[in-house]
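Same chain, two partners: subunit A is paired with subunit B first, then with subunit C.
On to the complex of A and B.
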């Protein structure tokens, strides 16, 4: 039993730590807040809130597995949301175009996804074809996309969407929010792509060693463009969910999500240097963050206190990972030494 | 000419060209741009940014990145102002000392975390940035300091001019006193980077950590210097910022750190470390500030700031990265 557990822990230390932390937090907040924490309302509202930034965290994770980063996810999502918002409010087709609301909604969704994907492709081209370091390229596009959003809206919000667009964010078939289903399916698909397809494997290989990946015949440039396009596409989904939940689109929505997306990716064991980390672990990271968020809201913490705790957590997780790595390396080297000793004794 | 070539590299000639062409375009559109008064205005608005940019340059040269300096600047400036109001010590030196000490301490926290746990500098300082900002807003306060509450010495410092002139409309303008700390910081940074072993250590660390270690540099003290220096400059900038805007919102600068880094990067500093110059950094700051403060002369609102800053940033990093890519392809290396 103990050896089995040891084996499990060795196999995926990140998962063990995360699961431990998750159970600890549920028990902790559960015992302090009791019914308030386990109430249907609280759990359902978590179901609404998780997908909103989960997609941004997922986009960030994929970029980080390549050894890069995508700082433009939030700016990209806002730009896509604003473009979709213009379609929905009739600024593009005119109010009397005779188009039904449903057609408008479908066009708006397509616009959001296409704009965000193009934003991702542009990131990818800068990184792959111009060899701009990912952090710089996405820093630039973040400023640029944000600039586009601010310039065309003049800093104002785009408001007033049709009801059936809002229902994306508010409806809950079988008591589970629709957005949660979308989140679940998208995560399953991305996890499958990362683990089971050549494309996913090439992302890991590139993150581990891009020159090895190049000389093993992977088309690095095409792969990077596709990866950032995927990150953009996921930001587009986040844009749809965000705008439909708040019934407006604005250039500076979700500013705090950038830090949280990086936090969750690192929390979920994605190595910022690339090549390591599992999308499935990121889900647990997201759950942990959401549980903390909800508990802090129930405790009525100020957003400032939340920020302090999240900053502290990011550092703590990085330090714990460092210590585990060191401890793991040491125990391995001790094991090696003990194997060597008997040979010397002979 | 040869001597000039030694001090000014190709990238910096490009930047000067861009500044010149842009200035000509703006002047043809609006004659109000090319005046001494506007020059002094831009200079005053750039002061804080130049000071921070020197710190960022040092970090980038070492191959690291710091995202926490805006949080440190607000922590220092805001706390100093609050402390002055609480203790009734209305003295400018006091403000600088308090803010600088806070900056150095927080910088030391960064250095310790980065060195002891081998964390990627970006993630570590992203964490400390929220941590510092959170600690300040939770324990020191979030109340906005308005003009009326502002200590007199800070207000006087913000409005003080070294000399004054009168323009055609009869209003006075002049050279801000901020220029003094700016010049000191630039000279000190230049001296440390190019004339001391410490500065050479910073650049060595940026080129290759392993090589720096093996050539006998004490990486711990070099990192300690880098991050406390950024902290110190952030502390100084915090006071200047508070004096300049006259009414301080507790998290005002928080979230703008990437604009400052963008300015230094436009100036030619590489995020991979070891490359970057003081002249280029100054030019980078001038470009960003020009774009931010002169769009009105072209009849555009300030909503266009981000658009143009982003476009210039993308263009300049795209161009320099592509050049170095072509170079490395010719040498058959594929590292970038």
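On to the complex of A and C.
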């Protein structure tokens, strides 16, 4: 039993540390907040809140595994949400078009997914075809998508959606929120794609050494476009969840999610330099962040305080990762090894 | 003992059960050239890393200039005058020659402001010490590999090196450049510097060595005065057997042309290249670095578009615009530089081997066949004698030569019709070379057409049934199988390569890669 555990710990240090942290936080907040923390309401509300930014975190994670980043996830989701909102409020087809609510809802969902995916494809093209560094490309599109949203809505919210649309965000079969099922399935699918398909493997290889992946006959450009398209698609799902939960779409919704998405990805062990990290570990990162969120809410921290704490956490994790890496490298002799450190890619 | 600059006592280092170093003791005398030789994975690089303080041994102590250290750190090591020139040289590619030579010294002196005049002066002084001149203002990424090496040496000298470790410094150099480097190393010795020199090329070792220490499986076989050893006894001590390169004889009977290059040109890189190959042909291409051979290989692989000419495989003209196209058309390339162009350092051996064959290990359902991937890797590890506990190990934990074998395995696994190998045995020990040659020859015997780019003449003479020589972007000579078997073959190749004169300036190859 103990040897099994040791083996497990050695196999995946990140996972072990994350699980340890998760249990620690549950016990800590559980003992301070007691029933308030373990209440059905609190747990169910976590179940509603998790999926919302989980999809953004997932989108961020896969972009980071390529060695890039997608800063446009939230802006892209808002843009998609607004477009879907126009369909739902009848601004596109007119109120008397005779379409049933259900048809409208289906069209709206498709619109959200398509718009967000196209937003991702555009990122991918900028990065792959025009060699714009991901951080700049997506910073640009973040501003651009945000601009589109602001311009067409004139900064106002799009409100008033049909009930069947709202039920996406509110219904809870068997007591578990519907959005949580979606979250669960989507993560399982993406995790599977990442480890079991040639596409996923290419993402990791590219993230580690893009020249070597080019020489291996991997279609780098196509793969990057597909990856950012997938990130866009996931932002589209986030858009549907967000808008259906709050019954509106607005250009600046979920601003704080960008930081949180990066935080969760890094916390989950995704290496910002690319090539390393597991999507499944990101789930635990998400759970940890959500527990902190809920606890802070129960402690009645202000949003500004939360933001400060999360920002600080992000920096802290990066520093800790750096130290672990360096310490590991010294004992494993990776750092100075000429046979290990690739020359700077030109 | 006086006269010893370094004494290492009972050094051991294990990595998860692998004895990288097993109770090794060694002395380096002041002013000697001490060569370390041994098969891939025998512990040479690990020894260097321990002496530079980059890794801490499990056991043992190190005495430098009479000061004994139980755990040596890099700063102490540098203070004692130890400098290491790693294979990647760790230079700053965008900084100038002068800056690269002088910067570490300025930092070491605690200079807050950079005085360009001083930087240049230091650089000039150090270059003068090795009797070289160079354009001080040229950025590092625009000078040749050989000159970069000299810059790294000058940087070490500027830091008052007393003991210089060079781990396989000659792998990326052409023969002429190697001669120049060895001459400099000998001159440095005359000036009192101790040099520890690692190389798999034994002729280099005999040229410079005073003492030769042989490693095997992490243990020291012994220290020898280089005069005591012959080529054969050295190899015998290293490998425990007698090693001889197998000579390839083509047995295929199908004489149809399966691969043809017709008038292929890219001005400034290569001009009017014509090649015809049958099944089982092994064509050598040789020439100095910058003669166009590497550019030609990249071009065939879809990375350096040619301006005119045709490539024909099995009678069909193919248009190859990317490595993907090349692999699909049945043409694979083992690239020249394993660190930048081939390795995925943190990935496992099995993922490194499969990376160019992802489509063929994908099932109909679109999933990767991880079991098959693993099995392929296990087979390759056995075939090429890759030294590793298992195929899940990350390649970064392999020794240099074993990394190279892993990359060879990757390309062989694509099962191409035409396999281009650009420097396949760089950093590979002599016994493993035999393994690799046997594999290359057996693939050829099974019908693969192989292009072997190399500047090791014994390698070309053992494996090729024709050799093409390039110089200054042109094909300048061609030796047939009969000519290769004559005793003057090596000399003829040599003189064709250098063209008799030394006015030729090699250019830096350009890789026109996407993304």
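Heads up, the rule we're going with is that the second predicted complex is superposed on the first by the 325 of 346 C-alpha atoms of A that agree within 3 Å, B and C clash if a C-alpha of one lies under 4 Å from a C-alpha of the other, contacts with A are read in each partner's own complex, and residues count from 1 in each chain.
The rule we apply is simple: contacts are C-beta pairs under 8 Å (C-beta built on N, C-alpha and C of every residue); 3 or more make two chains touch, one makes a residue touch a chain.
Just so you know, these numbers come straight off a predicted model, no measurement behind them.
I'd like to know which partner A:131 touches here: subunit B for first, subunit C for second, both or neither.
both
Kindly classify A:224 by the partners it touches after superposition: subunit B alone (first), subunit C alone (second), both, or neither?
second
With both complexes overlaid on chain A, does A:182 touch subunit B (first), subunit C (second), both or neither?
So A:182 meets neither subunit B nor subunit C here.
According to the stated criteria, A:275 is in contact with first (subunit B), second (subunit C), both, or neither; which is it?
second
Have a look at where A:159 lands relative to subunit B and subunit C in the superposition and call it first, second, both or neither.
Touch partners of A:159: none, neither subunit B nor subunit C.
Who does A:146 touch here: subunit B (first), subunit C (second), both, or neither?
first
Which partner does A:26 reach: the first (subunit B), the second (subunit C), both, or neither?
Neither partner.
Check whether A:196 is in contact with subunit B, with subunit C, with both or with neither, and answer first, second, both or neither.
second
Considering only touches as defined above, state whether A:213 meets subunit B (first), subunit C (second), both or neither.
After superposition on chain A, A:213 lies in contact with subunit C alone.
So which positions on subunit A get touched by both subunit B and subunit C?
In the superposed arrangement, which is not itself an observed complex, subunit A uses residues 131, 210-211, 214 for both subunit B and subunit C.
Could you list, by residue number, the parts of subunit B that touch subunit A in their complex?
Touch list, subunit B to subunit A: 65, 113, 117-120, 122-124, 126-135, 137-138, 142, 251, 255, 258-259, 261-262, 265, 271-272, 301, 303-311, 313-314, 317-318, 321-322, 324-325, 334-336.
Report the residues of subunit A in contact with subunit C in the complex, numbered from low to high.
These residues of subunit A touch subunit C: 128, 131, 196-198, 201-202, 204-205, 208-221, 224, 275-276, 330-346.
If we count contacts the way the header does, which residues on subunit C are in touch with subunit A in the complex?
Answer in residue numbers: 15, 45-46, 49, 52, 54-56, 74, 86-88, 93, 141, 167, 301, 303, 322-324, 326-328, 333, 335, 337, 339-347, 351, 355-356, 358-359, 362, 366-368, 370, 396-400, 403, 410, 414, 511, 513-515.
Name, in rising order, each residue of subunit A that touches subunit B in their complex.
Listed in rising order, the residues are 69, 71, 126, 130-133, 135-137, 139-148, 150-151, 153-155, 210-211, 214, 255, 259, 262, 266, 272-273, 302, 304-312, 314-315, 318-319, 322.
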